[in-house]
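What follows is subunit A paired twice: with subunit B in the first complex and subunit C in the second.
Let's turn to the complex of A and B:
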């Protein structure tokens, strides 16, 4: 038989037999592979969702945790780690699809409102009052539960916090503070002078962070918001944190009239916008705030590329940066800075609403087991095993309340499951300043309960306007917060855009709901 | 059955052919202005593509301390292999390479088989099947079922969580490539098919022994498209694969870009050189698929243009 094709492209015909054999092989492999791994969890293994990355040495520690969990409660757990960038959308998708995982992290800044509205979360009041979960109830302050009640009065999440209030602040290079500020910074003016000295003499930015309205407007403190360090008594109101901020009247609690206005009508906020613009032009803040990712900024700071960066009072300032900073800049130290005018006698306003709530999936395989797990991790021994690893292998106790990591196990996202104020251990190398402020932040008495503490606005009536205003803030507000545009021109554009998007209706709705809240509280 | 003879190759050039005139040789040394402009333009474009790629390579070989302070540079100084050492110290990259290879090889095989099959039926113009199959293939170009239904289908109906087939199956039919192949198949000379049928060949035999061998260019092209798609796929893996040991390479890279802590998961300590590792992972990730292009290149233009012009 002569070849089939033309002379330019001689071909070896694919025989039917070999094609069928190949296809059959592939399909058989497909069937085998498709059937084997996707069978789901075993009968006594429950899934959970955790944000972030799989901790190093996780398989070993999970084995230890599961062995104890099985001995104590008769089941095991299998957390699924979802990276932060995708966590919000992935968790929402899994809730929407009705997956049977047990618990997840949620909060107002994630999507708890949608989940509650769609009845995807289990109300927890009855379970908490039942007495079946004593360790859980004992390890979470009742104030924290009360501050996190939804407007319908129910509790939908366990506050997973390790301090009473999370105060935004600065993590500073202690060696540079020694060099340029005489070893201490007591107020915002000194901090500003320190930044300018560092920029001029070291050639590195004074403060780096990704773009955030809270840096500029403060709630009640912001890294670049000077007024917040003088009188930290203002918490802006908003339907969602990525949308427009409103400022309630100073006397709202006494008059019962919220009279909230857009943030630009509050003089200290306008002053802050101008200050940030100046910082941007002077090289005090990083110019790539609009698109810098957290990982890059952390690497920049840890590599000695900035004098200060953003921190929050969760006890992780030193643990998160010191090791890598020391490798890049021998002799470098860290310092936690909260430049309150009145130091630790300040009583900042707080809502005590938790940034992290562990919610129980209403479609979960066994909601009682989910609460048993939350109770189990509220026992010191179990909490330590999950969070710090195996004692003697991964960590050593230091004193009564600290730990020294001696292995690679780190970064378990306890904030999504096991953070409890009385059970947390401090990093043994925690700086003196961080230790002091962290202890201060754990005491509810160091804060003033804001009149809008339990106010959670409902955006049902203004969803369309809210969506359009959020888009306008993303387009015109974010460059303002980054200092990337001239303030007056930028504000004009923002005002025009939000006016067209329905600012008046949204403002009226917010005031109506806030007034109702004040009348009821 | 008789076979189709290939055209006889032309006889050797007669020895008496006149030598090329001298003037013609001169013209060869002076290329046309358009050719010069084309070369310059293409070279410039190539440079624009190559420079960033080179800077990624150079960055992956630059010490982390300098990289984090000064950013990209054209030459790696100080030279450092720390990122590659970190990456290859653990098993994560090897495992993810295995996952990506499986997804790419098996996925491409299934996709090419499925696409060729459906394209041939559409191309034959059968009154009872071709049109309906064409519509069936065309609709997903315009509409999709949406993320949630697909998620439920894959995880709850097909039970494919943590299976690499959850990454493969949603991508095995690309409507655009189906129609590219349909166009190519329609260009197959009808006389050849008729001759085969007259000689007693059944439809399967025509397809396997006549059509497929004649369609190597377009198969090579769609195979390359599918291979690149499967190689670069991370989104479905993100949705459906939660066991880190089964992560494909691109998902490992994506996780690494979104979080520094993932660097520790590659097998070294938490103080891994993050900037450097990101760039090194990019090099490692794109390297193998780049090698596929030279092999498929000789079919590339022919496969696409035949399909495009003979439709």
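Let's turn to the complex of A and C:
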């Protein structure tokens, strides 16, 4: 046989059999090595899901947090950051696939109903009552827990909020408001005029955001929903927020009859659709609402490329944008706009359900450890380290309740893990208008309890119809909310699609459950 | 010169001898099929990792198809979730979208397959005519590079070309403006998207396909071209009447492989570019994007597994039909 190796003096011939056996053995060993568990580091590390981008300096701060976590609790954590665009779907998929992680952000506007239905979440009542997590229980008001009980009476998530109610509104360029609106905007008409002036004279959009039905239909306010700033008393009903919105009868609470109808039968909503379509055509809103990435839109606003963007009363309007905006547009300022007709004497309807719930994965490796972590971040020192970074390097305290960032570490999504009302510090450069509205949003007395506050419909009976209606809304509803299609034609297509998908059955089921809720409350 | 190409006698004889040898080899192997002889153990070990990999990652997961007939939830698992018969198939077939989505899948894949194969052959013929070695390699590399570009990057390119910042303008519309043509809102007009996606596929895969065809061209015996020169054929005639017909076997294999996946949408490209933009679903929503959207929106494994199973069965049937048709009409190039 011809030797495979030749030329080298001491080379011994390698037989075909030896070559094949050797190569096969190496490949088999490599395959087995690839399949075997990695060496891994010593100690336990728990994964968890967080929405958004990885904060700057995250590795350093995570190292500090893990060192303290290890010393205090004996384990470390390793959050996975998921872009907002994909967060809802990826988190749902990870839960329903039984992936091994500890906690995640969820809520009704995300997909908590589906997660509870598929038994993917751990009920937390027993654990919270056990006395093992005193810091957590002490830092979250019992009322907040009670407002977020599921119809089965269980608590499935820790409310991570820093105000009584989160109101959708506008974050505006204060310098442009000074220039085109005389320094203040008191109602929606003035806001609309401001947008048109900015588009005409500055050549930038008046308002940018990614597509959202809440922008157009409000809950009860929406950035583009004019009626919501006049009478913020309507909260639409829905099985899931990405599906069809229904409007209950105005007198449902007194008559006991919900009589909910699809959103297009409510005149102010139809008017809002036409208004958004006009804004789209006139260049008031961005035309890429259907496919724009949130990070791209944020960069656009922070770079001075729009007059207003979306905000919510969580105290992050200024902190989230001002530094970048000032770098791009010297002299620019920020302003928080809630153009209520009645100003701060308005009493918007609210359910007080938390927009952010930290839920524990039932398939997670260690539920007790998950709650230990939530308890650990409920201690001021740990909370500050995680949320603001290292004191003296990343931030410095200002007074008793504020902080000033001095490093690059910023934007940790505490709303998905560590937000606790008594522990939160305000951004030291928070604008006057944001400070005023943020304080207003913390007071429960500034809101009206909605008759459907604790109503959470169960979709078990209409799963298939609901899924098909959701698909129809994705195809025909979202373009309407983006203003991308002619309203009447778009509505015709949507109505036809949802009728075929089983609208009548879903509507009947919603009304049946809502009537039962009203009868029981 | 003759209009039809007959392989030279030498080539035909070599091919016949080769087939006879293969037949002999098959016959010999069949007689020894009953046992693995000592010298074959090396081959078995060599093949083992690939077989194990295939078993674990291709055949093993097929057991999960039972989920298509269950109301699956994580808590009960595959073995505990209740059986629902064919209920999961109802979601797709009663949605009113099934016909349109299947049509989109077939239409887009036929466009992709035809356009990429055609552009691959064309580019290979053009590259083959370049005489300068360095120039040829340079062009080859340049047209191959798009194959490595991520669909996400492609989607960003497209946005810059078609939409611009804030969804208005874009390079194409700027170009239109030069000729006083009206601006087109590309991301709200479903009509042009099959062609836009096909253009993207050709840009991505044209170079890749051309390399495969170039390899096939280099295997064509020089004597065939010499015969063409003697007959007075020009370069263009030789490319059209000699090279192109002799690329048929390669094209046939690529075609069958493509047909096997014709019921699979190119989710990487389509989803990265179209995303959840409902206005474009009319012409771009394919089975894969529909399944993916359904799964990530509803988290319902049963429904999505049912659609996936349907897709696999139709794909399998199409492969069998394509192979049978090929055996019937072009036996010499058939893969089975």
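Assume the second predicted complex is superposed on the first by the 446 of 521 C-alpha atoms of A that agree within 3 Å, B and C clash if a C-alpha of one lies under 4 Å from a C-alpha of the other, contacts with A are read in each partner's own complex, and residues count from 1 in each chain.
The working rule: a contact is a pair of C-beta atoms (placed from the backbone, for glycine too) under 8 Å apart; a residue touches a chain by one contact, two chains touch by 3 or more.
Computed from a predicted model, the values in this text were never measured in an experiment.
**Student:** Based on the superposed arrangement, let me know which partner A:154 touches: subunit B (first), subunit C (second), both, or neither?
**Tutor:** Neither subunit B nor subunit C is touched by A:154.
**Student:** For A:410 in the superposed arrangement: first (subunit B), second (subunit C), both or neither?
**Tutor:** A:410 contacts subunit B only, not subunit C.
**Student:** Where does A:96 make contact in the superposed view: on subunit B (first), on subunit C (second), on both, or on neither?
**Tutor:** The answer is both, since A:96 touches subunit B and subunit C.
**Student:** Please indicate which partner A:323 is in contact with in the superposed arrangement: first for subunit B, second for subunit C, both, or neither.
**Tutor:** A:323 contacts subunit B only, not subunit C.
**Student:** Identify the partner contact of A:53: answer first if only subunit B is touched, second if only subunit C is, both if each is, neither if none is.
**Tutor:** In the superposition, A:53 touches subunit B alone.
**Student:** Just checking: does A:300 make contact with subunit B only, subunit C only, both, or neither of them? Give me first, second, both or neither.
**Tutor:** both
**Student:** Look at A:80 in the shared chain and tell me whether it touches subunit B only, subunit C only, both, or neither; answer first, second, both or neither.
**Tutor:** Touch partner of A:80: subunit B, not subunit C.
**Student:** Once the shared chain is lined up, is A:289 touching subunit B (first), subunit C (second), both, or neither of them?
**Tutor:** So A:289 only meets subunit C here.
**Student:** Using the superposition on A, tell me which residues of subunit A are in contact with subunit B and, in the other complex, with subunit C.
**Tutor:** In subunit A, positions 16, 19, 23, 30, 35, 86, 90, 93, 96-98, 300, 305 sit in both the subunit B and subunit C interfaces.
**Student:** What does subunit B use to touch subunit A in their complex?
**Tutor:** 3-9, 64-65, 68-69, 106, 109-110, 113, 147-148, 151-152, 155-156, 158-166, 168, 204-205, 208-210, 212-214, 216, 238-239, 242-244, 246, 254-255, 257-262, 264-265, 269-271, 274-275
**Student:** What does subunit A use to touch subunit B in their complex?
**Tutor:** 1-7, 9-16, 19, 22-23, 26, 29-30, 33-40, 52-56, 80-86, 90, 93, 96-99, 293, 295-296, 298-300, 302-305, 323-324, 327-328, 408, 410-411
**Student:** Help me check something: in the complex, which residues belonging to subunit A touch subunit C?
**Tutor:** Residues 16-21, 23-25, 27-28, 30-31, 35, 86, 89-90, 92-93, 95-98, 111, 114-115, 118-120, 205, 208, 242, 283, 286-292, 300, 305-306, 362-363, 463-464, 467-468, 470-471, 474-479, 484-485, 497, 500-501 of subunit A touch subunit C in their complex.
**Student:** Could you list, by residue number, the parts of subunit C that touch subunit A in their complex?
**Tutor:** 39, 41-49, 52-53, 56, 73-76, 87, 90-91, 94-97, 159, 163, 165-168, 185, 187-188, 274-279, 281, 285, 293-301, 303
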